[in-house]
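After this come two complexes, each holding chain A, first together with chain B and then together with chain C.
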Partner chain A sequence: MSTQDSTALSQASEKDAQPSALSRFLTATEIDTRMLGMVAALFAVWCAFDIYSGILRPNDGLFGGAFLTPRNLWTLLVQTSSIAVMSTGMVLIIIMRHIDLSIGSMLSLVAVAGAVLQVYIMAPAIGVGHPVIWIVAIIACLVLGTLIGALNGYLTAYAQIPAFIVTLGGLIAFSGVAFLLAKGVTVAPMDKTFKLIGGGVPASWLGPFWSWVLAIAACALIVFAVINGRSQRKRFKFPLRPVWAEVTLAAIGSAAVVATTWVITSYPWPFGLIRRYALENNITIPAGVENRDGDAICMAGEKIVRCTEGLIYYTGYAVPVLVALGVGAAMTFVAGRTRFGRYVYSIGGNPEAAELSGINTKMMTVKVFALMGFLVGISAVISSARLDAATNALGQLNELFVIAAAVIGGTSLAGGIGTIYGALLGALMMQSIQSGMALLNLPAAFQNIVVGTVLVFAVFVDQFYRRRVK
Partner chain B sequence: MAQNSQVEASISERENPDISPLVDMQDLSIAFGGIKAVDHASCDLYPGEVVGLLGHNGAGKSTLIKILSGAYPRDSGSIFVNGEEATITNPRQAKDYGIETIYQTLALADNVDAAANLFLGREVLTKWGTLDDAAMEAKAREVMGRLNPNFKRFKEPVAKLSGGQRQSVAIARAILFNARILIMDEPTAALGPQETKMVADLILQLKKEGIGIFLISHDIHDVFDLADRVTVMKNGAIVGHARTTDVTKDEVLGMIILGKCPPGAVPGPGALSE
Partner chain C sequence: MKKMTLALMGAAMLTASFAGTAFAAGKTIAVSWKTFQEERWKIDEAAIKGAVEAAGDTYLSTDAQGSAQKQAADIEGLISQKPDVILVVAFDSDAILPSIQAISDAGIQSIAYDVQFEDPNALYITFDNVGVGRIIAREVSKVKPEGRYAFIKGDKGDPNATFLFQGMMEVLKPSIDSGKIENVCETFTDGWKPDNAQKNMEQCLTSTDNKVDAVLSENDGMASGVVAALEAQGMSGIPVGGQDGDLAAINRVALGTQTVSVWKNATNLGETAAAAAIALANGTAMDAIKGVGKFSGGKKGVEMNSILLEPTPITKDNIGVAIDAGHITKAQACAGVAAGTVAACN
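Presenting the complex of A and B:
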């Protein structure tokens, strides 16, 4: 071999060595590169909104805008919860090569039914605010959702009507039922305790202390999972990940939890709420002086400060966000660690093979749709509690956002492929784009155009990525 | 005529009262719409025996075998396993009788890994009722190590594997749960010479362990050297049964193509009447 050749060779190997450091890292930690891409895209969208909103009107965001502020991120999470909960179920349905178009209408039907039960039936019978009311209302919503979902599944599996048609019928019919049930009016107000699930009142915010307790518990769980996984693999003498990779994984996971909690706990209660809270609890607020507009302001030397300075309360995790996180964790467990989840993936990969393996694919279809209905029940509770009312318009078009979230999250409509965390990220992406544009005061028509384009573009990128990986 | 009765005697030698057939399918029929896919077919299989089930595409071989493996419910007839009448109405029940099938399409869930496919429908659970992936992977490594020692891709979905690797996953699944009756539907149709040899060796090894094997093919050359007996089907009916030592390949070809039974075979209802 000539010297020229060998230099060329060593140059080539140097070139190869550079990307392989990253790819070695990814292989060792077994991080899903697709997920990494999604997280990066999400951050890019967030930063773009923050920078652009900062140019329009400077604020105290990370880049001088209004998007990357604790307040906006906190609101974003609360707004995402309802869609996020449903998207975890939609993933399983799409993996099994079905679709559920009826969930938006189902949500309004369930929400209205729950509201009618609270407001028109139980409250007059046993008195407003009775603790039985909210418990019965929640159970009723969950049961009703599950039953409707099971009906969808039954018609799909046993009557062999395509799920698209069954749920398209449901989309149209359920909203009609909801309208009749509500008699066309808004059913309100919700029970006092029921409302906590919506996250709209201070009592439904965890506060910094319990938020951090939860965060520490979550970090401990992550570390435990990593150690447990390693000892399992050791027991069977499987190839192990290098220790540094395990440590990195645990560190990244814990860092994500800590960062999220830090953001969530640095959003103070709005001023009005603090004042009301102080009044209700006999806490004195400095009286201050009236400014030109007639509002009370306080001075600290030369600086104008809030009169509630020193009376700052931070929100922490809101109940609906906790519900969504809990559902996400539970569904990840169901999809990955249980026989049910294994069957969902196998049926999606090859329905005939699943059938020949003795899996009752029809019953599985009913179960998956029933699970979807159950999750719709949860979302119905969240949505109506947050709105403090239920109407037949609640949940309208939610099916499209949920399907879009699942698809943006990497779920393949051909079946067999999809993840729960992908759907959660997808839901967050959809909501980020929506609320970001609302923050920029873009007209609703323009928002729809962008959301639709993003959906198509995301699937295009996904297809491109999959082809490259193959 | 005299020759014929001799053949019958030699076949019934095996049917001595000590050894009952592993499987005895009697008078099975199934129709899809107006088409009689399997028409009063009977067929049996003894321990340690390889029976080649031959016929053209559409002769009813795969359908007959799918009745045995529980994929299709039969219209009439009965199946005996070890001399006792068996109830087989779904794949699950067939597996309970030790009947395992390697389908022509392999019937693998392409999107999950080898271990998940091996245990599909029969997952190992932990004491908390969750999937014991570690235990399943360990068992998968053990079985696959026996069949295909070079196989290392346990973490990848089987869609990414080569044809031969996929075939070994399908075979591993069939022998994993101590099958006593193995049905192989065109097991070498998609394989190269090397892998075909591997499957042939495996069949001989399983035979030695006393497992009865149905080998289905439309290609006589695949089957003739491995099989102890052949059963030929045409248009849903049995043309005849024959020991491979009593007939030539050409005679069996005549059975497949024309439905003509040679003197060395026992004619069935589908045989060409002279």
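Presenting the complex of A and C:
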């Protein structure tokens, strides 16, 4: 197999043979084949879980299982968001040939600090539910995270302690601080508005209308990006993609957005929540015939029952998913379109050359670690809001999943190479495997084995691929 | 100082020779703690130290900081100070055995405090962990005698996770056999972590299409994850059981989102252990101490003298117990509770 492939490759490089239609398509559209492989692997994993869970317990998924249902995919995105947010920062850290092992403990520390601030300090002082509480709590989490990150960066850059050691120290120390802050107890419950960021209550769901508005805006943005990219290339006399390739790219991007939105908006509110919402807001429930498979609610005489045609609401995008998508978009922009991003890649590619060309590499290190800390702050808000509680156990060992997500997503530990979208896909892959196995009710030990194996296997495939491309 | 210790030791030896006489004071009780990482051990220590010092005896302690090696060295150090009784909270219940042997060889009595190690010469004092599981299951099945149950178990590496589940099954077995109760999900939770429990519960609800009537969680931290997952499906209020007497969990019990939190009153355990240690120091035979029975439920089935304390289930009806014991303030327990729904909050 591999010898055939390499001969095919050498033939192509000699320009004698006509390249296949697929490879012409890939060259023209400049699609990252690595990403294509990851997306394919992700779909394969999803289908496998759906088929297998369908065999165990039939459900209404694409292949008769419980995995490829709007509900599970919706939950999957919410479950991924915290790790996904942090993985985008980890990519930049690893590109710069550093590592941050402290983020899991940092997350517990920031989450507990935010919770102590709102539950023990602010709520008694200005009253439970005061609108200042959630704003101050979120700002405090973000600032604290950024400061701790900057401290990590400072020690790495200026005190010249290897990042591995600085953050290993942080991993051990921060969890101790988190423990002392709350004396080891679980701090709960969070502020009502703060909780919205966790995506666990109806008020934190966008609903179909705004989800579609957002989707249309995203599609417009994709088209704009394609057109803008083309005019930029013209301006700097870079080789242009053929027009059909540009159109295809815009179409694929928009189709992905529309498909995701369609899945997300077809997950109805849980039955109990529709009923409660209708009763609390005095909404008239239409009369109908009881059907226990339905997702809507009806009045059958005096009783509220489940039915197929009646009062129904759909969830749409949840706040944490929007936060993660927003962070992903912003970080893609930062990494690819700003001077900051270019510096990160050039330092990672060759630190000495970068320094000699006048980049303040030490300050850049502090900034990148501070950015990582800021993202940990966001994740701390998401995780504690989602759990509606904060403990020193929250977030522990998250660093391993975040690093794994970045690495599965193609970030090279040798530095200089890595993409934000790769890390996001990596995070989704890790969470898919975990959620899928939980869905199958497999023991946790088995889950760890599979996740570890996938990590090593992904890097193996990646190395193999890179060698071949060279 | 040294002179005083010598004098004390002299007095101790003297009283030892008059075993069982009225000379109670002047003994030395030592504790080898495995860690102070969790808040509860400080409560245990306060109880033991208080009881020992109130009896006029001396309290010594070491902290192994979560290391089996350091604990072995700690115990050597304690033995050289010649206490009358050493209480050991073992970090590793197998690695500790040579140290326990050394304690016996030095003619000192040992107590396995809360964590079992299987040495027939030691007295094992703990809460009945199988009993905790039994109580969680009993309280929840009182509210929901029939239906589909989900089980959120602790870390697979912790024997307590299995003991707890064993206790739950003892209570539920008849109902499961007769088909009244169905076990629909059963998962271990890595590191007893609440966020993992939340994800497991979400997947359980997805796979069963929300057809779950009650959830038995093996601790309160995980129960917080379970309740968050239930809330997101509009199902909060179905019976949920947990244990530890977490402050947040007691608040959930008052709010009605959790049915029971089985509370192991650490003060109670510490005081019982201190009383037993003082009795041993004064020469009371191990099996003559109040409450001692035989226990052989460990991994190797070694028969040991043991005191198994019955934990307290905290439900809506008796939240006052935890408030009165100073475990939680009324404000913490009753935060957000609607007036008139819980007696202890009025």
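Everything below uses one rule, namely that the second predicted complex is superposed on the first by the 423 of 470 C-alpha atoms of A that agree within 3 Å, B and C clash if a C-alpha of one lies under 4 Å from a C-alpha of the other, contacts with A are read in each partner's own complex, and residues count from 1 in each chain.
Note that in this section a contact is a pair of C-beta atoms (placed from the backbone, for glycine too) under 8 Å apart; a residue touches a chain by one contact, two chains touch by 3 or more.
Just so it is clear, the structure is predicted and the values come from calculations on it, not from any experiment.
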{"item": "Partners on chain A (chain B, chain C) - clash or fit", "value": "fit"}
{"item": "Greater residue coverage of chain A in the superposed arrangement, chain B or chain C", "value": "C"}
{"item": "Partner chain in contact with A:223 - chain B first, chain C second, else both or neither", "value": "neither"}
{"item": "Contacts of A:416 with chain B and chain C, given as first, second, both or neither", "value": "first"}
{"item": "Which superposed partner A:251 touches (first chain B, second chain C, both, neither)", "value": "neither"}
{"item": "Touching partner for A:183 - first (chain B), second (chain C), both, neither", "value": "second"}
{"item": "Which superposed partner A:461 touches (first chain B, second chain C, both, neither)", "value": "neither"}
{"item": "Touched partner set for A:393, first chain B, second chain C, both or neither", "value": "second"}
{"item": "Contacts of A:383 with chain B and chain C, given as first, second, both or neither", "value": "second"}
{"item": "For chain A as apex, the angle formed with chain B and chain C - C-alpha centres, to the nearest 10 degrees", "value": "120"}
{"item": "Superposed arrangement (fit on chain A Cα atoms) - minimum chain B/chain C Cα distance in Å", "value": "39"}
{"item": "Touching residues (chain side chain C, partner chain A) in the complex", "value": "37-40, 155-156, 185-195, 198-200, 202-204, 206-210, 220-221, 224-225, 227-228, 231-235, 246-249, 251, 335-336"}
{"item": "Complex interface listing, chain A residues touching chain B", "value": "232-233, 235-236, 238, 333, 336-339, 342, 345-350, 352-359, 416-417"}
{"item": "Contacting residues of chain A [partner chain C, same complex]", "value": "53, 57, 59, 66, 69, 71-72, 75, 79, 128, 179, 183-189, 198-201, 269-276, 383, 386-389, 391, 393-397, 434-435, 438-441, 443-445, 447-448"}
{"item": "Residues of chain B defined as touching chain A within the complex", "value": "69-71, 90-92, 95, 101, 103, 105-112, 116, 120-123, 125, 129-131, 134-135, 137-138, 141, 157"}
